[in-house]
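Here chain A shows up in two complexes: once beside chain B, once beside chain C.
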Partner chain A sequence: MLNFSAKQLVGVGLFLFAIFVGVPLIISATGRWDFYFTLTSVALLAIASAGVWLTFYIGRINIGQGAFALIGAYVSAILVVKAGWSFWISLPAAGLFAALVAILIGLPILRLRGVYFAMITLVLTQVVTLTALALPITNGAKGISSIPLPSGVSLFGIPLIPDFAAMENTKLAFYYSACILMIVTYAALYRLVNSRLGHLCRSMQQNEELASSIGVNIAYIRIVIFAISSFFGGIGGAMFGSIAQSVYPSSFQVADSINFMLNCFLGGLGYVVGPMLGTLILYFGWDLLFELGEYQLLVYSIILIAVIRFLPNGLLSLRLGKGDQK
Partner chain B sequence: MSTLLQVKNVTKKYGGLTANNDISFDVDENEILSVIGPNGAGKSTLFKMISSFTPTTSGEVLYRGDRISNLKPHIVARKGIVRTFQETTIFKSMTVHESVVVAQHLRAKASLAGYFWGSKTAQEDVAAFGKYADELLEFLGMSEISDELASNLPQGNLRALGVAIGLATDPKVLLLDEPFAGMNHDETMSMVGLVRSVRDERGVTVMLVEHDMPAVMNISDRIIVLNFGEKIAEGTPSEIQSNEKVIEAYLGSVDDEIGM
Partner chain C sequence: MEQILANGVYLGSQYAMIALGLTLIFALMNVLNFAHGQMYVIGGFVTYTFYGQWGVPFVLALAMSCITLAILGALIEKFLFAPVIKGSAREESTMLLAAGIAFLLDALILLFFGEKQRGVPKIVNGVFNYDFRLIMPYDRILICVLAILSIVAFIGLMQYTKTGRALRALAQDRTAAQLMGVNVGRYSMVGFALGAMLAGLVGGLLVTITGVNLGMGGPTSIKAFMMVMIGGAGVISGAIWGGIILGFMEAIGLAVLSQYGDITYLLIFVSLMIFLAIRPQGLMGKPWG
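Up next is the complex of A and B:
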């Protein structure tokens, strides 16, 4: 179905081997157990970034993914804590709720283009934060804490997902869950971009007038894409909340929304795996520069500016050919 | 010949400026109709209203009796009335072939979800799109530049690409916006031939806005002349050439005082 070439298959195989076997081996050898949490975060942030990347694909700069991640985190937390749902059912519910909100917000704002759309989305994260502070169901500034770990799922008595609370090594379990979720997300994204919907998005990104003259309902496609984008944001946020076992209005801030966007720029807007690589490097890069102390932000910013200046198409443009390896 | 498109008392006002004032004419099936007029006569505005890119202030445009003005461009395109643009409006980072494949959107039978999952209908669609794109490009004599990126094409080819994109939608009426602008004599003549074959071999009714008078006189069955937003003449090329109002609009009126 995905029509990979042999070379791509090898690449995908190596990648899967590296994250499912390689990383755990390296971590147990070096004893850096904290890397599990870092890499899990990278995987989840990469899911949200994938959504931002998708809105870039219809020619819109989205600086509001933090809003949808926060919505997803709250919806999942409320469903698990207050309604007693299993986390695994609350996860798609969180994504769908985020998508629903995206449709309602998108109807008016997706008419805007360029910097105007970007400015509005920039405000969204703050709006959701303030809403979370004000609403009774979100517990205001106290947030929702001590969220139970994901429970097990079994179908006809066959355990499909084990109970996280009964596990010794929840870090590894979360790492695997996040990675699987990320791979499913990027496989879906790859498929979407290479199917007709992706081609229509490209036509809209390049010329909306011409796209509508060939009969593309551009308003509808924009809403569909924005909803899918926010679905990814909601899923990423919900899983994040479950790992942290808490959600606060400040769990996702404007700075996070900006980072989601930067991840896409850094990895490369022309490549499906761009946001994944961007997230990994941005997240790790920040940690690695920690030893520079007060100069951390300065050096980090200079590197970012240099990348955007000299590699305007992102890090993946260093590779020859099209970066469609998954 | 039956009437395909009717423009009825169409008026467009931008604030105090009247771009089109009470314009009416019919377009017959299978004809090539040109709209000419000096700069600012309201030709492009008229096209935009026919393709619903802008609403009319009053009046309406009918296609086979159904109103097509004041709708959305994609809905009018679905009914078979498709406009092309001037050369800068293309899909810059797609190849010629990709552009023509994307433009066959209206021919799609499978749903977007079907394409995502790769359903049987979707696979058939994709194969059919590719095949039709090859055919169309061959018909237009563009097979050689099929894999060329649109942004690398010279102007003459860009116009042809615009026509190819328009044709890929399988239109009944094709509205061409200045198809000969900026072309030399040879390029114009080959474009004239192309537009004619679109009409003759594909049965597409063609309306065009154009400045190049020799080309217009050569290609048109009938001509509509606009000046300052008003329709001042309508007729065959030879009628238009001898129409005094038209000559006046283009060359200016005789000034009695200085005797010119």
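Up next is the complex of A and C:
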């Protein structure tokens, strides 16, 4: 099931080398230190987009990832600031909490399909934003600010993760941790897609009734997938809040939810790495176009429209013919 | 109480028109038009330019809004949606296109009209006052009547003309309509233009009361989605019901819940989710639309 070809191994090796050695070298050579923040954001948004992609995989259009990213960010911030937890423990806690919420909400709304599901998840983003404004624990519109940097973790006296506050270059540290998280996420995603569960998901994507009729427990699978997807969203959001050191109800809103969806579409829905590529291009492209000033949005949207006009199946569809599906 | 009901009718008639355009486009092409709110904003700005700045009579300015948006809608359908729908492996790709168009329209509005809030002089002065129990400015009443008339005209168009029949056939079954000799490509374009035109018309009507600004597009789209979900996607009567229900909920919520802070919309959203969990296809919708 997981037999990589030599070509794929080389590709993955090159990719890892590029992000862990190549990018820092290029950045220190060009002096564009701001790219660290951009690339860290790309990595984290790619994690959340991976979740959206996974819900696409069972044939649901998810425009609600912003909701789970916001939930994750708030859970982590509250645990760190108010309960004094270490960030590294609050991170999985944030993911698990987002997954729990996804299970509760998913039970009714996963019965919806097509545009109905898309629209209800869009509304869900708005619900979470408004809830964050209304609840006392989230501090309303003021949000939670001055979240401490992640502290160190050591096991039996051996430091596993250094203390971020004691570091002089937190940007690099955040970059590395975000990249590691992203790689773990995509490895998990790849493993999931190529497992028995992944095959069942594909059967659901094509025809739920048919899948159900041959004994696939579709209600169970779609809850599990939605929970995993929201777990990714929660993790990405929590890490984002930690880097920004603040969370506001507007940290993730409807526009972000739509962007997560666009990342998946743009990269191509048929490929595990699609959302990663889509996030990189959309977010990085937006950043690069910043120099155009008031024409930034215009040029960005024209490029976006042109891409979808001429490559409606995503950027990766360019190499569709090679049969080199990853 | 009378005041709440009157506000409900007023809001509901506006909302129903916005939802009608969205649901029409959805019914015809299965496209979730993210750019609907932006089209509404453009309609508002066109009326503002003609009526507020150049002093053209209001009715003509309104007509200009309709024409501009109809042309814009037709062009978007012909050169963007139609080819993408044809070439795409999945129908959902149109969502990406719709979102891209929403960004593009936002950018164009920013470049042409700026980001300031714009308003126009009142079309009629005076306030209707019934014993201080029901207070309604005359221009709101006029706009409300105009909106209801437009809805009636739209239903008439859909029910009794050849175009309307073709559009309804198209919404029911695309292939069957084509086999019956309906020019599918042309009527898709007409339908999209009509939907965009409705958005422009509401924008032009509402600019006289609420004014218009760049940021209104997104929230308007979300409200339109909610109305369509309440009524059922792709069903004309559903869109009207959805608009009226949302208008009344908003009017009642703002009147009753104002002391608890800004929780009206939170409650509306939550009740919508509960409602959809019980009845996924909305009030009038076909299952799995």
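Here is the rule we use: the second predicted complex is superposed on the first by the 317 of 326 C-alpha atoms of A that agree within 3 Å, B and C clash if a C-alpha of one lies under 4 Å from a C-alpha of the other, contacts with A are read in each partner's own complex, and residues count from 1 in each chain.
Rule of thumb we're sticking to: a contact is a pair of C-beta atoms (placed from the backbone, for glycine too) under 8 Å apart; a residue touches a chain by one contact, two chains touch by 3 or more.
Just so it is clear, the structure is predicted and the values come from calculations on it, not from any experiment.
Shared-chain residue A:Ile218: touches chain B; no touch with chain C.
Of the two partner chains placed by superposition, only chain C is touched by A:Met261; chain B is not. In the superposition on chain A, A:Leu316 makes contact with neither chain B nor chain C. When chain B and chain C are set side by side, the one touching more residues of chain A is C.
Residue contacts after overlaying the shared chain place A:Leu210 against chain B, while chain C stays out of touching range. Within the superposed three-chain model, A:Ile302 lies in touch with chain C and out of touch with chain B [touch as defined at top]. Across the interface of their complex, chain A is touched by residues 51, 53, 72-74, 77-78, 82-85, 89-94, 98, 101-103, 105-106, 108, 110, 112, 115-118, 122, 125-126, 165-166, 168-169 of chain B. Chain C makes touch with chain A in their complex at residues 26, 30, 32, 34, 80, 83-84, 87-90, 92-93, 95-97, 99-101, 103-104, 106-108, 110-111, 218, 222, 225-226, 228-229, 233, 261-263, 265-266, 269-270, 272-274, 276-277, 280-281, 288-289.
Across the complex, chain A meets chain B through its residues 1, 191-192, 195-197, 199-200, 202-203, 206-207, 209-210, 212-219, 224. Of all the residues in chain A, the ones that touch chain C in their complex are 61, 105, 108-109, 111-116, 118-120, 122-124, 126-127, 130-131, 133-134, 254-255, 258, 261-262, 265-266, 269, 294-295, 297-298, 300-302, 304-305, 308-309, 312-313.
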